[in-house]
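Please read through the structure below; I'll follow up with questions.
Chains: A, B, C, D and E, in written order; residue numbering restarts at 1 for each.
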Amino acid sequence: MLVYAFRRMGQALLVLFALTVLVFVGVWMIGNPADALISPDASMAEREAAIRALGLDKPLWQQYLDFVGGLMQGDFGNSFIYREPVTQILASRLGASLELAFAAFVLAVGISVPLGLYAGLYPDTRLSQAIMGFSLIGVSIPQFWQGMVLIILFGIWLAVLPVGGRGDTATVFGITSSLFTLDGLMHLLLPAVNMALLKMSLLIRVTRAAVMEVKGLDYVRFARAKGVRPYRIVTKHILGNIMLPLLTVLGIEIGNLVAYAVITETVFSWPGLGRLLISSIQVLDRPVIIAYLCFTALLFIVLNLIVDILYTVVDPRVRDAIHSGGAK
Amino acid sequence: MKDMQNVPLLEVDGLNTSFNTRAGVVRSVRNVSFEVGRGEVLGIVGESGSGKSVTGLSILRLIDPPGKIVSGAIRFDGEDLIPLSERQMRKVRGARIAMVFQNPMMTLNPVQKIGDQIAEALTEHERLSAQEVRARCIAALEAVGIPSPEERLNAYPHEFSGGMRQRIVIATALVTRPDLIIADEPTTALDVTIQAQIIHQMRQLIDQTGAGLIWISHDLATLSELADRIVVMYAGTVVETGTTAEIIGNPRHPYTRRLLASVPSANEPGQPLRQIPGIMPSLLDIGDGCPFASRCDRRIEGCERPIPAERLSPSRSVWCINMPEEREDA
Amino acid sequence: MTGFLREFAESRIAAFCLVLTLLFAGCAVLAPVISPMNPYNLSAFSLDDARLPPGSIRMERGGTFTATLSAQEGVAEQEAGEAVIRLVEEAPGRMSLTVDAGGAELEAVRIQGLPRDASVEGARRHPIRSEWTVTNPSQPIVIETGSMTPAVLNFTVEADLPATATGTAFALGTDSYGRDMLSAIIYGIRISFIVGAIGALGSMIVGSSLGLAAAWFGGKVDAVIMRMADFQLSIPSLMVGLLTLTILGKGVDKILIAIILIQWTVFARTARSVALAELRSDYVDAARGLRLSPVRINLRHILPNCLPPLLVILTINIASAITLEASLSFLGVGLPLTQPSLGMLIASGYEYMFSNLYWIAIFPGVVLMLMVVSINVVGDRLRDMFNPQLKR
Amino acid sequence: AFFGTSATAQELRVGIAAEPVAIDPHFFRTGPNMSLRENISDALVYNNQTTGTIEPRLASSWEVDGTEWRFDLNPDAVFADGKAVSAADVIFSLCRVRNVPDSPGTFMSFIETIEAIRPEGERSLVISTKGPDPVLLESLSTIGIVQAPSDEPLEYDEADCGNSDWLSTQAFNNGSIEAGIGPYRVTSYRRGIDTVLERNDNYYGEAPHYQRVVLQAIPENGARIAALLSGGVDVIDAVPVNAIDQIYDNENLQLVSAPASRLIFFAFDQEGEPSPKITGTDGKNPLKDVRVRKALNLAVNRAQLVSTTMDGIAEEASSIVMANIFGANPDLPRIPFDPAQARELLAEAGYEDGFTMTISAPSDRYRNDTEVAQSVTQMLAAVGIDVSLETYPQSVYFDRANRFEYSMYLGGAGADTGEGLSQLLNLVHTRDPERGLGGANRGRYSSEKVDGLLQEALVTLDPEARRALLQEAQAVVYEDHGYMPLYHEVAVWAARADVHFEPNAGQYNILYTARPAE
Amino acid sequence: MTEAPNSLLAARDVSKVFPLERGLWSAMSRKMTGRPMRRVRAVDAVSFDVAEGETVGVVGESGCGKSTLAKMLAGLSHANGGDLRLRGVPLAEVMADPKQALKVQMIFQDPQSSLNARMKVVDIIGEAPVVHGLIPRSEKEAYVRDLLSKVGLGPEALNRYPHQFSGGQRQRIGIARALAVKPELLICDESVAALDVSVQAQIINLLMDLRRDLGLTMLFISHDLSVIRHICDRVVVMYLGRVVEIAPTDQLFSSPCHPYTRMLLEGMPRISTERRTFLEVKGEIPSPLDPPPGCHFNPRCQFKTDECLASRPPLDHIAPSRSAACIRWREIG
């Protein structure tokens, strides 16, 4: 298993390498950052000066080598537009992204897993049908739409919640976050709900489907025969056995929550990473894109590793499967 | 509570359980009645698919939709279980009536350590310290002959062989020292020495606490040596009941008789075994006539109508209108 | 088949949604036949019809008289085609304007170029420009002239004759190009349905195959596939789409490829995780003992057991495929803007959220919602029906 | 945070569509940066585009003699440390423009004509230009003056002026260096969130009303409007066309607007043969034929484009320079909408069956760009051209435009300096990368006559004569149908009814004139 | 032990070990404490032969490795050591050829998890014969119906799902599935345990018919000694992963040579009208995790000597086609 972890790290490096190459080639294919940066009215001389300043006049492979050279010294380079170290720029956005992701995650999991459990356990009740209907809202209404409806409803008509931006922050245990202030939480609520809604439908449905699978199995019945409380049946016997699909979905969704909250961040003017990425893509700010993608790649790889480890924790059968290498 | 002594521990009266399938109503259990006394071992035998497990599950009210207990009463210690709420029923399950399920492979939760699964039966009903729980779990595992139980508590079901899982399930049922145990083919996967060990343990429990035991099995030999009384089921109904000696020594229903004739030890080794021609009728919308009629060589006019019980002795009833004569050798 | 349908229809809602889904599928197939207008034919619609509310009828514009008034002494009179426009000073700072179109009723009169502090009674001023519009003027129009003195009168009057209806109705109104919303939506459904359904389905096929392969073979194959998934996941979907389409070019088929490239990962990882557990079951051993080919074992035996979570993801991915196509088209790498999908209609309609043109903003969204909801309900129902535990 | 706090007399909250990428006034020549600079870093002069006049700022007065410009500095203007602005600061600032570290887009073109700068004592200086430069003041109005690190004036040259310490952009951004002298100073700059300005109490000019101004970055249109509607902000800029009506109907809100100089046009490829996006013409480029260009121009119903597609938020254009701007030609009549004649002209040119053409437009550069392009597409289709539309995000779009991959493309060009010459040089002068002319002329329109007129204007100091030259050049382009001018943009802000906010033709947010409405 | 001339299946020193601890954490803690890896020797150097057409019974305590052995013989899991041959050809090679491999079939002990919950009975049974071209697709239903009736199930079972059957009914579906591909070697892992005696009789008759008519060879794992006695030619007795005795059926039942075998036969229930007292296992039941040294049976053995604790008793050839792994077999037998 230790070897396994090392092997995974090696694989991760490969992924990162492929990623940087892809971004270089990709950006080069999509367009010229210089044109995205400078005003279209600028003169030719200015344009060329800008291209030189950004190092874009060099051949692509040379630019790449320069980049790798910098990377060896831990330098991801400077943003094309801000001309500041991209790591610094990313770091300045990370907090906002993480807290939004955290809030959305807590909301989504906290609400949808119980709802999904209920809907799976008692599929024929009115409430279950209502839950399933509700869960469709998340998927069927485009997220930006939902966001705007939330804003109109709570920000403008009822005027009870702020409609955008990040609220006041406070520092607790060295963590600066708006989770610690009332104002911050108020600001967090709508965007978090907006993000959670989509995940919720997914989670409710995955949970329900899994519960329906599991609840009829003999061991659940045996637990009942033992006189086990319904609560424990659900938490120990049913939840334990639906963790596999749930974990997989969660693993991906957590990553998405942190990295690609673009729509929510845009609609709610949330100063997170997603918006940074989109604006960077728009102006082809290659260093930011690369650093960003490397960050998300690492995030996903680590999450995936955690999920794989968790698989073996929640389902001992998988442990055997992974170690004995597939079906053989 | 003295007068309660006359009340049987369990009294199943006119039980009907059906499954509402798309193809029609499967009447898995029809009009089944029997009693289990304190300290008594009741054996249930019958063709596979004849409703033995469903009967057992019905007693604990564990029939899930589309199945349903249609009618009947299940009096446990004089109290009818049918009208009880789920919450009250939960207090009965595990604590007072324990069941050993038929399929040991699927009966254990694959992602939970077996120690927790056994302990659960205890902790859900009694307040015990962690050490006590652990001690009783270990004792239960020992009782069913699982070696090195301390270590095995932390293993997962898939790490055990089928027979070991079956023993774990039995241990779970025994650990609470219930008043009634319903054991559904509990020893099919066990060798005779371990089987003896388990029966020994159950017997001890019965003798000590006066608990009742329902032992569902195909193993007529074991049953004949264990059970006090035997119920023979066929296609969802009881066709014959009586004391073990009566049933084994002198079966009166044609089905029982032919069943006993099929036992390998009753046949010449290497020769074809005596079998019953034909197959059990489908339980789908089955009528109330004798279900065995279609395979019976003693079928007569009237077999297609509901068959009344013939009470041959206080302990013995046979549901047949043309039963064979008593055996000479009995 | 009928038995199947009857069983399906035991849930009324599901039956209703099945009908809806079929209806949408019908739109996808039959768009040219059922839509009142071809929204791709740019010359078939005109800005004249722009932004008409639902239920409007296409209008043929009547004529417009235009006159620039510049006269002295408080009186001006100007001929504009067959109409005569007169201006009389009634009191200091008050003028009245009459448009005599030979007895014809006028639909609107627009007055442009008045100074900022002037106003026109009963007229609506344009939010930005100095333009006043009087609808259905019957009496002389009264103008408070503000700082303008009759001596330097200089403004333009336009008078519209009423438009005449020509028959084509716009049941759901028109958008800002004068395109019939209903037709645009029907054609939009066609694209979105194809992109959503086929894209997500394709992703499921590709993703689950890879996921199953990863679980089955384990080791290197597993590592390669899962690292590919990591790789893909760490690039935002929009960027994958952008790259794919920049390399491959435009077209529905290319969009489908992009969608599959983006969506396969979730399927792969889910399929893998469930398959890992299933592989331990005896039934897999049994199938291997029967020497069924690995492909068959995976597809016929393991896959069905992985299907419930996969189906959930499928239905959800349909919606996101539709949105993705819209974003890509919006960025100009997907489909031409002049051939909008439902997703595109929503994305552009979103711009009208804060306008009074609710039909542009809402209808496409409502249709998408209905579509996704009905597909989901049908999917749920099918899943329940195929769950043997619930089988009776 | 944009909710809860309403506009007090002390604080103004502005929702801006695009945030500045730096506080450094010389770093990056983009609208948001220049807009911020107007409030925090005065230039020598102020170019009031609304009135078309040049007003004194750091220079309290100036005089011109041929190529020599003499500026007297305002003695009251003091930097944060209390030191008055000196000639050395001006020279340093102008030099810095050439040497801003890492700038992605410099202000260099504004100082290209400067030959030398000579201090005359502490508070005066003389700028000499290479030749007569009629737009020097407009150019200088874009360059904020920052405080030089040393008192010793630099020797101005076209390289690094013998200096090496150019003050880093980061130092401006993190507040360790002031951006110059302005009615406001930046006290907090959080990228992606907000920029906070505080009133500069040492300001030499009229004190602004609001003590604090918070510029909140809200790029998303709907979110910006929502912020205004919910009271989270007091003012927003770049009000999208579709929201105008609702804001107008809302009693608590008001709209303010100013015509802006940016022309939105379609350019014709007049060089490629065949033209990249035209087919069905046997390899010929129909756009080289003036009849075809005229036909296309006549096919467009500008009045409708403005009133419908732009909902009235634009001014119909027939030539390049906007009416309010120096050099506009009011004599050029509207280009009529005449589809019948357009068809005739096409037939005359040999294209009675039209031809197949894809027109190109950006999808995220100008307000409503795709809608406008699609409306025009529709209009061209109506005269029988088989036309389709492609759109790209700007990062892709302009790269391709610079490689001449389009036949007819949507563009926009403003008069950055607030007068017409630069706009014309950029747009209609023959493309000449060497001399930096015709940079935006990606359709490669070329007319010797126009070139001559513009060259002359370049060295004509007399305003009237220059105006006449510009007008004549535009008349030539008009006759040539060298472009398809569509409209000039109108910049729109929305504000709470109780806030007085002044629009600006340069589309800048001028904060120091804002005050509570009476 | 030499290979019998008509040997179909030959196992030589076949072993299977399951590691018990996996995972990063236990690996690390083992590294640090130097504790050896814990494992279960589920099958420990097992050797025996099955002749063509023969029915060999395997009995033994539960958990003694019968199923594990069966899976290895069926080619479904790999042995950790030893040699498995089918007609002299290494099993791995046989398994590489689907046509040959199909001739070895196994009926699984657990009827529930060995049936795919999402397949109808008709597909569970009918799939493989169709795929392997044994029958045309059009005849699938008839073929399956025929098989079902042979195992005593009615045609209404065709379109049902496994969970709709009772335990015994499921078991019969599993039997039908294995028989459907016409195997030559059938490994039955407790295949009749869940059946009532009348159905069991039917199945056993069916198997015996097949043996007679087609020369079917069988490895018959069961706890039911009466069944073993009825149909097996020879019996292999296992204890804790090892073979302790191999003998022709009648000899085994008449004169068991190993104390465990003896104990089994003594405990064998008989149909009687007498009540019997069931005795507790004497001595400690040894654990496969931590098997006792020497003879695994020694903690329960009444004939135990010091030598039994010292070394593993070899499987001695004691008579024609008879072997036992007990040093005191002479005294016992």
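The definition used in the following text is that contacts are C-beta pairs under 8 Å (C-beta built on N, C-alpha and C of every residue); 3 or more make two chains touch, one makes a residue touch a chain.
Only a predicted model underlies this, so the values are computations on that prediction, with no experimental measurement involved.
Chains that touch both chain C and chain D are the following: A.
Taking the mean of C-alpha positions as each chain's centre, the chain lying farthest from the centre of chain E is D.
In terms of Cα centroid distance from the overall Cα mean, chain A ranks first.
Among the other chains, the CA centroid farthest from that of chain B is the one of D. Averaging C-alpha coordinates per chain places the centre of chain A 54 Å away from that of chain B.
Measuring from the averaged C-alpha position of chain B to that of chain D gives a distance of 90 Å.
Centre-to-centre separation of chain B and chain C, using mean CA positions: 64 Å.
Residue positions of chain A touching 2 or more other chains: 30, 144, 148, 152, 216-218, 281, 315, 317, 320, 328. Multi-chain contact residues of chain D, defined as those touching 2 or more other chains: 222, 226, 229, 393, 396-397. Counting partners per residue, chain E has 110, 112-113, 163-164 as the residues that reach two or more other chains.
Chain D makes touch with chain A in their complex at residues 1-4, 21-22, 27-30, 101-106, 108-109, 169-170, 173, 190-194, 216-220, 222-223, 226-227, 229-232, 364-365, 393-402, 411-414, 416, 426, 433, 436-437, 439-440. Interface of chain D with chain C (complex): residues 221-222, 225-226, 229, 240, 242-249, 255, 257, 301, 304-305, 308-309, 312-313, 363, 370-371, 374-375, 377-379, 381-382, 387-393, 396-397, 490, 492.
Considering their complex, residues 57, 60, 62, 64, 86, 90-95, 98-99, 101, 103, 106-112, 116, 120-121, 124-125, 156, 158-159, 169, 172 of chain B touch chain A.
Partner chain B is touched in their complex by these residues of chain E: 18, 20, 59-65, 67, 109-113, 149, 152-154, 156, 164-169, 171-172, 190, 193-202, 204-205, 208-209, 223-227, 229-231, 249-250, 263-264, 267-281, 284-290. Per the touch definition, chain E reaches chain C in the complex via residues 71, 74-76, 98, 101-102, 104-106, 108, 110, 113-119, 127-128, 131-132, 161-164, 174, 177-178, 181.
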